[in-house]
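The block underneath contains the structure these notes are about, expressed in structure tokens.
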Amino acid sequence: MMKNKKNYYKKKQQPPGTLVYTGDQSDDSQELHLITYNKDKIVHKKIKTIDEFINEENLGIKWLDVIGLANVHSIEEIGQKLKIHRLILEDILNTRQRAKLEDYDDSLFLVIKKLSLLEGIEIDAKQISIIIKENMVITFQEYDEDAFKLIKKRLEEGAHVRALGADDLTYAIVDSIVDGYFDVMEILSEEIDKTENELMDDPKKEILNRIYSLKRQIVFFRNTVWPVRDIANTLSRGEIKLIDQKTSYYFRDVYDHSIQVIELIETYRDTISGMMDIYLSSISSKTNEVMKILTIFSAIFIPLTFLAGVYGMNFIYFPELKWRYGYLGFWIVSILITAAMIKYLKSKKWL
Amino acid sequence: MMKNKKNYYKKKQQPPGTLVYTGDQSDDSQELHLITYNKDKIVHKKIKTIDEFINEENLGIKWLDVIGLANVHSIEEIGQKLKIHRLILEDILNTRQRAKLEDYDDSLFLVIKKLSLLEGIEIDAKQISIIIKENMVITFQEYDEDAFKLIKKRLEEGAHVRALGADDLTYAIVDSIVDGYFDVMEILSEEIDKTENELMDDPKKEILNRIYSLKRQIVFFRNTVWPVRDIANTLSRGEIKLIDQKTSYYFRDVYDHSIQVIELIETYRDTISGMMDIYLSSISSKTNEVMKILTIFSAIFIPLTFLAGVYGMNFIYFPELKWRYGYLGFWIVSILITAAMIKYLKSKKWL
Amino acid sequence: MMKNKKNYYKKKQQPPGTLVYTGDQSDDSQELHLITYNKDKIVHKKIKTIDEFINEENLGIKWLDVIGLANVHSIEEIGQKLKIHRLILEDILNTRQRAKLEDYDDSLFLVIKKLSLLEGIEIDAKQISIIIKENMVITFQEYDEDAFKLIKKRLEEGAHVRALGADDLTYAIVDSIVDGYFDVMEILSEEIDKTENELMDDPKKEILNRIYSLKRQIVFFRNTVWPVRDIANTLSRGEIKLIDQKTSYYFRDVYDHSIQVIELIETYRDTISGMMDIYLSSISSKTNEVMKILTIFSAIFIPLTFLAGVYGMNFIYFPELKWRYGYLGFWIVSILITAAMIKYLKSKKWL
Amino acid sequence: MMKNKKNYYKKKQQPPGTLVYTGDQSDDSQELHLITYNKDKIVHKKIKTIDEFINEENLGIKWLDVIGLANVHSIEEIGQKLKIHRLILEDILNTRQRAKLEDYDDSLFLVIKKLSLLEGIEIDAKQISIIIKENMVITFQEYDEDAFKLIKKRLEEGAHVRALGADDLTYAIVDSIVDGYFDVMEILSEEIDKTENELMDDPKKEILNRIYSLKRQIVFFRNTVWPVRDIANTLSRGEIKLIDQKTSYYFRDVYDHSIQVIELIETYRDTISGMMDIYLSSISSKTNEVMKILTIFSAIFIPLTFLAGVYGMNFIYFPELKWRYGYLGFWIVSILITAAMIKYLKSKKWL
Amino acid sequence: MMKNKKNYYKKKQQPPGTLVYTGDQSDDSQELHLITYNKDKIVHKKIKTIDEFINEENLGIKWLDVIGLANVHSIEEIGQKLKIHRLILEDILNTRQRAKLEDYDDSLFLVIKKLSLLEGIEIDAKQISIIIKENMVITFQEYDEDAFKLIKKRLEEGAHVRALGADDLTYAIVDSIVDGYFDVMEILSEEIDKTENELMDDPKKEILNRIYSLKRQIVFFRNTVWPVRDIANTLSRGEIKLIDQKTSYYFRDVYDHSIQVIELIETYRDTISGMMDIYLSSISSKTNEVMKILTIFSAIFIPLTFLAGVYGMNFIYFPELKWRYGYLGFWIVSILITAAMIKYLKSKKWL
């Protein structure tokens, strides 16, 4: 039916704790990005091994961005060396997770979905996993266009951005992902509007399929965004150790945005179910119109045909046939009947 | 599809904390209104710079009303000089917010939507932002007809109104906005009634579009009012430092009104979905009626036409044709058949 | 559309605290009833001024029943002399309130709706406001048939009733109002049953309007009763100072009744939406039946008419026409075709 | 419409505290059953007056089973002598109660509905009221088949059953009533299955009424069982003084069963609304089929009839008529047209 | 209607505490599996009597797996010797339970459903009962393919698996069951997709039955999984004595999975109700198309037939009949009429 629910759980029937990658990545390409910065300085380089990351001096905040998850062995090594709970590793590799937030003693684990729209109006969800520790952030994403390009650029350019903590970096990441939801929403909404207009113009059967495909995207969208709302709410309540009270105010903003997206989604669900109603009613309307045409033709010609049939009879004693103006009279009567019919149909507002 | 959901989030993909105006205002006109009053005296003047406001003596309550948000630089300056949190400034400029209430340590930040109805039954929402501090209120609105005209007039006229605190001023503002919801509701309800009557009279296809447009307005209305209910509830519980217990009783009233509006909205949603049902059933009814007419004509004339066809046959041995009263007999039989048919159709209540 | 949602908020855009009467009462008639009683004695008289009430000795419980709200000035005077909060006065005069319970320090304020059914099955709601203080009850109702006639009569007749407190009097009032909901429900349910029976017999278009009108009444009913449930629940929990623990047991009964009413309402909502379905399906059924008749006539006569047409052709070399029993043969063939058709239609269960 | 919602509240407009019987019992027959038992011994006899019960020695647990509620005077006497709160007496006599549990200081009052299915698939609800005191249980039921026959028999037969307390007896009663819900459910489910099968075979109009009647029964069932779930939950939480912790484990079982019933009911509600859809779609399907037959006949014969009409024309210069094989040619053309039509209709999958 | 709701409660009207087996097992076959292990060693054997289990030395964790429930006597003996609460035994034998978790003082009782798909897309639920005690796990399953084959194999093979506690074993069992839900979901989803595609291609009536059957399976699935979510949530909150904090993290995973399943189920419910809509709309579309064909034929041929009828009349004074090119003229007029009709129908987009 559609991509975003196939293979949702490749890992089935493995013993618990087995690391299995369940995503779409076709080869095991991997890049490790090391970024460390403080107000004055930033180091940003691609590294080959996790040991390089461990040995690098922490200028203030240290961020490891792992791009590419298919190399399970490498992920496992990173996990062991950075002391990441095996369950977290499992969740990172199982890219069919719902968004979630887990508070471990010394770290915070966050899974969130980055959405984009593929050709043919299909939502594509990339899983982003974030581990926040004291002065350290570790992110995992599938090997694809770098989801954090913009954030990295801002860090390099702006000193005041670099003055902030690990929680602010987390906020920047989450905020940019949630902002992305609005982009998806916008294209989707344009598609919905377009479909709606076509529906109004000419309700063809193909539109029904389009409506259903849009509905599925909207439902998928909603399922993706829904848990984000709870996560943002939790982060904004200022009760999590690794998130500063000051930063939690910012997450209140993310919370507001997630609610806004959800409200828009609900509005579009309404719109789409309304479109279904319009489609159904338009079929009924068309049937009604077809029937009217048929009835008009029948109502006018059936009596006339009967009349013509009458004067086609072969009775020997048939006075009208011999009248001088019989034929003319037939036409006059026919025209009168037709006129009466048309008047009657007009009184019914069918003509 | 409709204005109130376009451009809902122009700010996308900016670094957090960037101030961007996302509203409809076309130029950067701005007015600053300074009002300060106590029981005995009121000063009300337009000022040019925020410094004038800061230097003005506070007679008791000091109110700054900023009209026009497009000049981002000016808003930023006001924010800096009055020590407004950067996140609040962002929210003020992003006019696509949901209504919300945020309790900061020394101030209360309130966003609420002033609704009005444009031509063609389209709800227009103007964002009003209110910051309440000790003895000070700062409001922000887009450059348009002054939303607080009436309140300012009452302050100038009535001494006993001026005796009250900053929380009472806030109440007056919120109350007037929520009262405005009833005005919108009233016009909307008239339009719904009108549409319903037309639907009953003559269910044309255009009405379907009207119904859907009304439905969208109602949904937009509901989304706007829904968070106001929670805000009023919070303000009425008397747990907020800057809102006096005494004033919180008044917010209980606002809470009641917001529930009343929501109930009316829900009732109208019901009404509108009922209208859709009526529309659909009326199409079915009309098809039914058309079919009846067709069937009546067919039932009467098809047998007669057959009969005429019979006597139009050219068999040589065809006794009836030679009968003296054959033709007369044909008409008698025809009339009898018609009478029988009419009786039959009457027994079915079709005639 | 209907009376019970018109003018729901006449008070719009007045400064807060303005007393405006928003009800239906056409003149400013007003009656003040003073009742004071203890176990042994009861005084019940109409008084002219509120001072008479204040000066009257309190025998145990003192009850002021104000009938008629249109005279705003008089209500204001009563409010001032009996120290009623201005907000309460506003709520008393604004007869478009939802039912509510407000707990002030020294008094309890209760708004509840007395329902009755007008001609044409339209629910009419009269607002009853009750203020309960230590040993004192003040009630307000619009100038109409006295809502408390029965209660007053019982107080006069029964000594043991008079032995009870102000909270018991409140209970008696609320209980009688909630009992009234059952009366309305009963008439409404009879109307629904009647409509349902008519629908089953003959689903005419007028019934659709009746169904919608009933639906609206049911929704209005539900909106009215819903808050009463919460009020009764609060009163029954025994946490309100002015309501004795013993009396709160009785309110548990009111709570049960309100739930019972709501359940009945929900059942009727179901019934009504089921009626809509039946209506729609009956139109489809009728169209189906009409089509069947048409098809039966057509299926039988169209082939016969063709046959008659064939033998009406004027070919010169046309053997059948010259056969001795050609005409007879035509009829035999016709009858055979008809018989075959009837058999076929019977096999389809259309005949 | 149906019995189970008629007369739901005969008691209307009586002063609070008035004892009025609102049930179906036609005469005032009454039986008092006295049962008292301990591990070793059981006394079970019918008694005439409540005094006999009071004077009887309590062997361990004393159970008074009152059968017949129409004799209000007798119930009142029982209430007075056994110190039952007047509100409880009211609730016992008002047999239109929802199931409920009320915790008084020294007693527990429980109302629950015993369900059975009458002829014609109509659920009949008998109200059972239970008062539990220290070592004493008092039950009230309408005069009908004894609802506790089985429980009494088990008490007489089994010593180990008699070793248990008043709370266990309550459990036994409630458990047997909830078990009865499964019996009702089973018959109802068979009826639903039967109706569904008939619907699949031949969707007649009478089935629609059956579906609606079943729907009503299911709704009534649900309303009855719903509060039982809350009651069982409360009893199972072990927070009620008169219910032992050990017994509360058993009520957890009752709670599970009530949830199971509710789940089944919800499943059947789904099934029934699905049946409605099937009914509607089957009417549409039938109309569609009727239309097809009509169109097939018309498509084949209308062109042929036209052709026959052509050769029935009386033009003098009409070459075909004089051809030697004109008539034969007509038939060949007719057959060709018919064959083409049939092929066309087959390509549309109508034949 | 379907297997999974028949006989749901065979136990009706037995005295509480009676052990009755309510499952599907046809004979009373039973196997007892004894497994005891620690890091270094594992003993796994079939035993004959429960005494063998009791006498076996506990190497670390001791697991009794009872396969086959029909031999009630044997289950009762196991219960007595292992001190299992009678209520638990009842629940084990009553295989129509909802999934549930009960926390007794010294043990934890867990009921969960293992799902599999039978032929013809019917979900089959096998009840698994688990009792967890300090260092001991007792499981009960019906006599069928061993539900724990895989887990036993892993225990035999992997030493590190054997190092874990009784709670980890419980986790392994629950996890494998919940994983099984995804297998069922996958087959079900394939069936739904297949049905959807067939529906799009050719909406036959049989598909309607398939859709309903799928809907029922989905509802049954949902009812089964729903309580599992609550159970996993409880187990993951780390508040249960017998579940280690460390293990509770793993149950968080099970909780996530159960939510994921429920979300998929809800999505499929949506899909299925959408399929119903598509089915209904496709019937309407087909009727519409049939009507169009009929109307096209009628619109073209009815006027022509009338015309032919006219020239079949036998008037003596009938000029056209004698014209040299009358017949030719008739055909020209006929072709012109047909052309005009076709143009008209094309303007309506019917051709």
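Labels for the chains are A, B, C, D and E, by order of writing; each one numbers its residues from 1.
What we mean here is this: a residue touches a chain if its C-beta (ideal position, glycine included) is under 8 Å from a C-beta of that chain, and two chains touch if they have at least 3 such contacts.
Keep in mind that this is a model prediction, so the values were computed, not measured.
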item	value
Both-way neighbours, i.e. chains that touch subunit D and touch subunit B	C
Inter-copy rotation, subunit A to subunit C, in degrees (Cα atoms; steps of 5)	145
CA centroid of subunit B to CA centroid of subunit E, Å	42
Distance between chain centroids, defined by C-alpha means - subunit A, subunit E (Å)	26
In subunit B, residues with contacts to at least two other chains	280, 284, 287, 291, 294, 298, 302, 305, 309, 312-314, 318
Touch-based graph of the chains, sorted into line, ring, star, complete or other	ring
Residues of subunit D touching subunit C in the complex	1, 5, 8-9, 11-13, 15-16, 85, 87, 90-91, 96-98, 100, 102, 202, 205, 208-209, 212, 215-216, 219-220, 223, 276, 279-280, 283-284, 286-287, 290-291, 293-294, 297-298, 301-302, 304-305, 308-309, 311-314, 318, 320-327, 330
Complex contact set, residues of subunit B against subunit C	150, 154, 158, 161, 171-172, 175-176, 179-180, 182-183, 186, 189, 192-193, 196, 200, 249-250, 252-253, 256-257, 259-260, 263-264, 267, 270-271, 274, 277-278, 280-281, 284-285, 287-288, 291-292, 294-295, 298-299, 302-303, 305-306, 309-310, 312-319, 348, 350
